[in-house]
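What follows is a group of structures, each given as structure tokens.
Same chain, two partners: subunit A is paired with subunit B first, then with subunit C.
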Partner chain A sequence: MPQLKPGEISMGTTIMAVQFDGGVVLGADSRTSSGTYVSNRVSDKLTKVHDRIYCCRSGSAADTQAVADVVRYHLALYTAQHGEEPTVKVAASLFQQICYDNKDNLMAGIIVAGWDKVDGASVYEIPLGGSIHKLPFTLAGSGSTFIYGYCDKLFRPAMTKDECIEFVKNSVSLAISRDGSSGGVIRVAAITEDGVERQIVHGNNLPQQFLG
Partner chain B sequence: MTSIGTGYDLSVSTYSPDGRVFQVEYAQKAVDNSGTAIGLRVKDGVVLAVEKIKHSRLLVPHSNRRIMTAGKHIGIASAGWMSDTRHLVKRVREESRSYTDVYKTKVPAHIIAERLAMYVQAYTLYSSVRPFGVSTLLACMDAKGPQLYMIEPSGYYVGYRGCAVGKGKQVAKTEIEKLDLDNMTVREAVKEAARIIYSAHDDTKDKLFELELSWVCKESNDLHVHVPQDVYDDAVQHAERSLDDDDDDNEMDDDEDL
Partner chain C sequence: MAPLLEPSTGFKFDNVKRNQMLADKGHLLPRATKTGTTIVGLVYKDGVILGADTRATSGPIVADKNCEKIHFLAPNMYCCGAGTAADTEFTTNIISSQLALHSLNTGREARVGAALTMLKQYLFRYQGHIGAYLVLGGYDVTGPHLYAIQAHGSTDKLPYMTLGSGSLAAMSVFESGWRAGLSRDEGVELVKDAIEAGIFNDLGSGSNVDVCVITKGNVEYLRGYSTPNQRVAKEQTYRFAPGTTEFIVPNATAQRSEEEGTAMDVSA
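== the complex of A and B ==
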């Protein structure tokens, strides 16, 4: 099992993605830590790999950035060669191939989500070993463990875009309040046929909840 | 049409003063001397037909297929060196497999045609290898529908609605141009393809031949397969009957002269 090397930057993280009819909503916290030191309190873990395909990164910051860069290159090449946009399935398959073939050397937990005109909205999770799972919604990162119960109870398959955004903001905020490796702001991205809409929720605007 | 490029035709890496690469043109001649192969792209599928010239009555029927399948949805018929064809088909199968491994989906027609063409073209660059003496007809069913490509020994490739290669290509092309391909179904196309092969076949040159017919269409579940026996028999009957009709027409003309 790969470990973070001493001094290596981790993304403690809470990340999640939710599918709705017509698009997906991705959410993440913004804390990047190296041990107890928070090296970036406003990092952007929602990374664009193509016009309507984003990924959420957790694990080693270096590993996930490198893998995302390779996939971004391949998706640009795909568009040039095929004359059409790649599907989310293709993007997720590329991530999966890299993560599986290099599983001994990588520590990357990735969520791939987006919209394409063949399959519509899709969410794929690629955990540490390099397996791939297509799901209606998924969570990852150290903070996700604290909110599985909350998310399982509240998720409904037929939510609207705004309901999904509320759901994501509430869940990530709960995770942040319990997980020391997650914190900062909540970044949200909503992807539909019309494009990508990005939102940010600052610390003073986090949803109301019991804070002890 | 026949020209000898004295001195400039010894190696594929040599141009002639008028900008030709003779070795590639000679490879094309190998194609022109082989049995006819035709492809018809119609509204719901693609049909491939080959005039398989048999050099001996002892050959086991249906052995030594000239139409081969790659990646399940791709059909390959060719004219020229059969041994070269088998090598190219192996390559297409590998390319199709590697595409599916990476992208987890069936390779689209224009991608596999380009990959094959680039491979063939690579063999026209070096004096240490010879160009492939094969013209390949690639039939494929993908998300955009049925498609037909022809890849020549030079690596040049283009999409066609109907095309012919080999000995009888002139006769075949003339017949194909008369067809309304865009409005035909595969069932009709199979019969026409058989008829065209029979009419392009020159009985005086090679007596024995076997017709090979394949299709990729809705009826075959978008898989490339040799046509079912009943469709084959039907097509052969139609072809033989239309040949007899042509003979009958000729006889009538003789009577009128009297």
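== the complex of A and C ==
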């Protein structure tokens, strides 16, 4: 069972991705911690691996950054080698291959989401062991456990882009308020055929909720 | 019998068994010199400012009261190092030489992102066993950049950051004092205050403040910018007047006995 080595930076995290007709919306908190100290309170866990393919990273910061860098390199070369843009499925498969083959030495829980011409919008989850799951929406990270019920109840397959963005903001906000390893700002990325739109919700603008 | 083939590069683990045997017999291993340390970096209007304290510790002893923790990487890039002193020194040296070759190969001034990638991939390969925690700052064609690199190979890009045992003390100063668009003097003062917070509140940090200001095409290395721990003049003198010690036998020399053992052969 992979564990964080002593002193290794952890991305406690709440990350999620939601598919809608025409694109995907990714969301994440921004806290990376080293033990009880928050080493970066504004980190960006939504990492671009290709023009319209992003990944959400959770687990060990070092491991996920290294894996994402390798995948980004392969996808950059893909178009030159294959004569067409890589699909989200290709990106997810690359992630899976690395995470599975090195499962003993990695602690990486990754969500791959994006838009491509062949399959349209796709969301893939690659948890710790290196299995791959294609889903309409998915959550990961330590904070996700607190919002499974909320997300299962509220998700609808036919949401619009703006409804998805609201859904993601509300969900991550609830997870942040209950999970000590999640916090900071909420980063949102909406990927469609037209490109990537990035948003940020600061701590003082979080959606309304019970605060005690 | 064929000669043992030794790897010409990389770590050698020959002494592991010997060290274990010595430790079992009760001989404590010497502890690696750590830099304890407070190191900081911030981005201001015209570039980046790096700061560091100057204490190197070996366990509870101060091994070096005035060591240099701001390492040269390239003419436009410097790197503060915390963690194991030897690791930060050699890691920055290795990447500095790789950057010099890279610069000659490409015919361009090296970019901070290049140094970042080289450092993070080097440290990730060693899975955290090289204890180097670095604050990398520089100014290249794309502007000023500041990165934090952890020993396991993760990196963060931030407008201000602190690392080392005194990082919490220094971060409290930054969180209350940093704002976007600081002037050079404001930035240097803030860095000095942050390092001094580490020096006075963290046992692993001490002595002086080194500051390095990196702007477009220019680097100001301010070694010993602030020296708040200078030794005070001693209150008394320990000189004894000649004649204090009384001789019983005046001008006596040591009696050498000839028969004991053979003299050491120093002919070679």
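Following the convention adopted for this analysis, the second predicted complex is superposed on the first by the 212 of 212 C-alpha atoms of A that agree within 3 Å, B and C clash if a C-alpha of one lies under 4 Å from a C-alpha of the other, contacts with A are read in each partner's own complex, and residues count from 1 in each chain.
Note that in this section contacts are C-beta pairs under 8 Å (C-beta built on N, C-alpha and C of every residue); 3 or more make two chains touch, one makes a residue touch a chain.
The structure displayed is predicted, hence computed values, not measured ones.
A.B. asks: With both structures placed on chain A, which of the two partners, subunit B or subunit C, ends up touching more residues of subunit A?
C.D. replies: Counted on subunit A, the partner with more touching residues turns out to be C.
A.B. asks: Which of the two partners, first being subunit B and second being subunit C, lies in contact with A:42: first, second, both, or neither?
C.D. replies: second
A.B. asks: So, A:82: does it touch subunit B (first), subunit C (second), both, or neither?
C.D. replies: first
A.B. asks: Please indicate which partner A:97 is in contact with in the superposed arrangement: first for subunit B, second for subunit C, both, or neither.
C.D. replies: So A:97 only meets subunit B here.
A.B. asks: Can you name the residues of subunit A that touch subunit B in the complex?
C.D. replies: Result: residues 78, 81-83, 87, 89-90, 93-94, 97, 118 of subunit A touch subunit B.
A.B. asks: Okay, in this complex, where on subunit C does subunit A touch?
C.D. replies: 117, 120-121, 124, 127-128, 148, 150-156, 158, 161, 167-168
A.B. asks: Show me the residue ranges of subunit A that touch subunit C in the complex, using the header's touch definition.
C.D. replies: 5, 7-9, 32, 34, 37, 39-40, 42-43, 60-62, 65-66, 69, 105
A.B. asks: Report the residues of subunit B in contact with subunit A in the complex, numbered from low to high.
C.D. replies: Listed in rising order, the residues are 101-105, 108, 110-111, 143.
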